[in-house]
Amino acid sequence: MNSLISLAVYAVNIVFAPLLLIGAIRKMKAILQGRQGPPLWQSFLDITKLLHKGETVSATAYWSFNAAPVINISVLTAVALMTPWLGIRSPIAGDLFLFGYLLVLAKFATSLSALDSGSSFGAIGASRETAISLFSETAMIAALAAIALHSHSSSFSVMFASGHRSLYAAALSGLVATALWMASMADLSRMPFDDPTTHLELTMIHEAQVLENSGRNLAIVEFATALRTVVLIGITARVILLMLPPLSHIVQYLVTIVLLALGAATIAVCETTLVRLRWRRLPNLLSFAVSAAMVACLVAALRG
Amino acid sequence: MAISCLALIGTLVTSCFIRTIGIAFQGRPRSAAAEKAHEVASGMRASQIILSCACVGLGLCAPWMLRLESFVIGQHFASGPPLSSAWTLPLGSAIFTVLVVAAAVTGWLINERSFDPARVYITWDCGFGDVGPRVQATSISFAQPVVRMFGTLFNYAHTLRLEGLDSRLFPDEVLSETTVDHPLEHHVYGPAVKWFDQLSHTIMEMQQGSIHIYLLTMLVTLALLLVIGGYLQ
Amino acid sequence: MSISLTTEPVSALLAILALWMIGVTQYHTTVVLFGIQTTIVGALAAWIGWEHKEPMLIGVGAAVILLKGIGAPLYLSYAARKIGCRRERGLAIAPPIQLFVAGAAIALLALSHPFRGELPTTAMPSIDILFLGMLFMVTRRLAVSQIIGFLVLENGIFLFTVTLTHPMPALIDMGVLMDVLAGTMLAGMLAFRINNAFEHIDVAQLTELHG
């Protein structure tokens, strides 16, 4: 597949897909709750509004506070161009460990900005986020490593080269997709790990870290979060695609769009029906993701 | 298994550094001495910056370093280690993207801020009053979620006492105390440091200026080297 | 489909179910998972009996499904309802660490490969289920959970004997099954008596021997 075409497709999708996905989640949640809900492009209007608003920065904040949204968006753009989250080959060659560590770098910048303003909510959010990322990052990297072990390479282009080759590979992809989905929901602070629409600061995990951002910073941060959501759901969809026989590029792209919409629907259903777990019980749920990922790694390592 | 350990190590390292940088540099000063602290001379800063750039450079240019080393080592030993087969990550394009986007966004933000500067105000405190030094994050408070998960290892104990007429809802006095053991520091590092200290004291007494002791040390070292050299032959 | 092609994935699925059980604290969920696992084991045994043309094995498989896969869970959840215990409390090591340990144990087992040449690869999941059942028993405090652990252990043994290349005579399987079921009934009744005597079935507190 031509690199330029891939770059064009990815560029267009990076601009439009994240906010559309967030809009789709909101719309589906509203329909499930019996309301009409905001239109699909409401997130675009929200970001535009935020861009016109003035900024308020805390007096205690240092330059790392203003640097964090910049680092976030640039790292996440690199990740989005590197991972095959659209079902077709990514324009830049991606690597599993680069993917994992770039995501951790983005989280590092966010946590530092949270601690920077000296607010205790930021500190609580940052400490809880690091505690959760102990599990969710491990699960994510281990789950993708299972596929890497199966295809004997850590480069994304080799790992996701084609569809399933055997029943065993399909089963492995299923296990990996489960682990990856749970780890992604924890990483994105979605239900049942955290309620993204809560206004109670003491229960926030991700929102507490971006509490101090306003105006343009907040616009960048919200877009970065939406981009992270779409990339993580996209990579889960790509793993699910591994269970199907090899298809042509256009069909894979369309199937990925359908799976992204399904993912949004699942998130909407989870946020409407599930209740946020108590903080003490979160590691219990996440450890399922970690064990599933470790078992997948083990099976891949043993069976080759 | 090794890969999950690798991922876990990466995450733990990141958490450790977030905590260290966070409590050292960020938020409000946590003590009077910290409030009066000021930046050191530029020489000290420059040396640290050079070292950290070297670290980052070594990490990013690892494949080339390995090739250089294998070339050097290959000259001295007949069968050099096969280091040239080390993985090379596709860092170039990723870093390029990161830098380009970061530069673009920073430039745009600086431009916007020149028209519409950010207003400086207090940190959001949810109405609880000034966010002073006592409510800043400390190292143990940052690590508390993880410590409680592994509570058995650390002898984590939490006492909570509420006193007052209607103590559940409107307590007069609240006592919430967390005690944590530090097993590694107290039981492993502590004794090791003490033993090392005693050893160095003994050696220091030996080196107190007596020429005979110096000569004796030199003789013993030479004898040992001869013996070891003889065995190695 | 040949036997080895099905037994391997199915055994792996059973091992995953056992691993899932270790992380769950609600008693009812563990009972349901155990029921599903035993039903699949029984179905596998019956199918292997069908392939090998051994009617006795089919009978054993059907008995396992009916008695151990449906009967035992029903009895145990009835017992739990009567006693009134719903979830595990006060586990010494939290479920996440349990899961880590379980995963590590399986990994070590798989890597050490004790009887490399003599056993088929389907033996590995059954030994895993055995160890996971034991881990379940060791880490839980409710008496009824210990019964479930013991039954999972027996599932592992049964799976092992059924998937051997020279399978054990079905008569022995039947005998073991009957013994295990009798043990379960007795253990359930004992749990009632313990609850009546002590108002709880927390085995960690039953450490003193009375005259």
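Read from first to last, the chains carry the letters A, B and C; within each, the first residue is number 1.
Quick note on the criterion: a contact is a pair of C-beta atoms (placed from the backbone, for glycine too) under 8 Å apart; a residue touches a chain by one contact, two chains touch by 3 or more.
Since we're looking at a predicted model, the values are computed, not measured.
When chain centres are set by their Cα atoms, the one at the greatest distance from subunit B is C. Centrality by C-alpha centroid: the chain sitting nearest the overall protein C-alpha mean is A.
The distance from the centre of subunit A to the centre of subunit C, each centre being the mean of the chain's C-alpha atoms, comes to 37 Å. Averaged Cα coordinates give subunit B a centre that lies 46 Å from the centre of subunit C. Distance between chain centres (mean CA atoms), subunit A to subunit B: 28 Å.
Contacts with at least two other chains are made by residues 1, 149 of subunit B. Looking at subunit C, residues 94, 96-97, 107 sit in touch with two or more other chains. Of all residues in subunit A, those touching 2 or more other chains are 283, 290, 294, 298, listed in ascending order.
Only residues 1, 3-4, 6-8, 10-12, 14-15, 17-19, 21-23, 25-28, 87, 89-91, 93-95, 97-102, 105-106, 109, 112-113, 116, 118-126, 131, 135-137, 141-146, 148-149 of subunit B touch subunit A when the two sit together in their complex. Within the complex, the subunit A residues that touch subunit C are 135, 167-168, 171, 175, 283-284, 286-288, 290-292, 294-295, 298-299, 302.
On subunit A, the positions that touch subunit B within their shared complex are 54-62, 64, 66, 69-71, 73-75, 77-78, 81-82, 92-95, 97-98, 100-102, 104, 107-108, 111-112, 115-121, 123, 126-128, 130-131, 133-134, 137-138, 140-142, 145, 149, 154-155, 201, 211-212, 215-216, 220, 279-280, 283, 290, 293-294, 297-298, 301.
Of all residues in subunit C, only 9, 12, 16, 19-20, 23, 25, 94-100, 102-103, 106-107, 110 touch subunit A in the complex they form.
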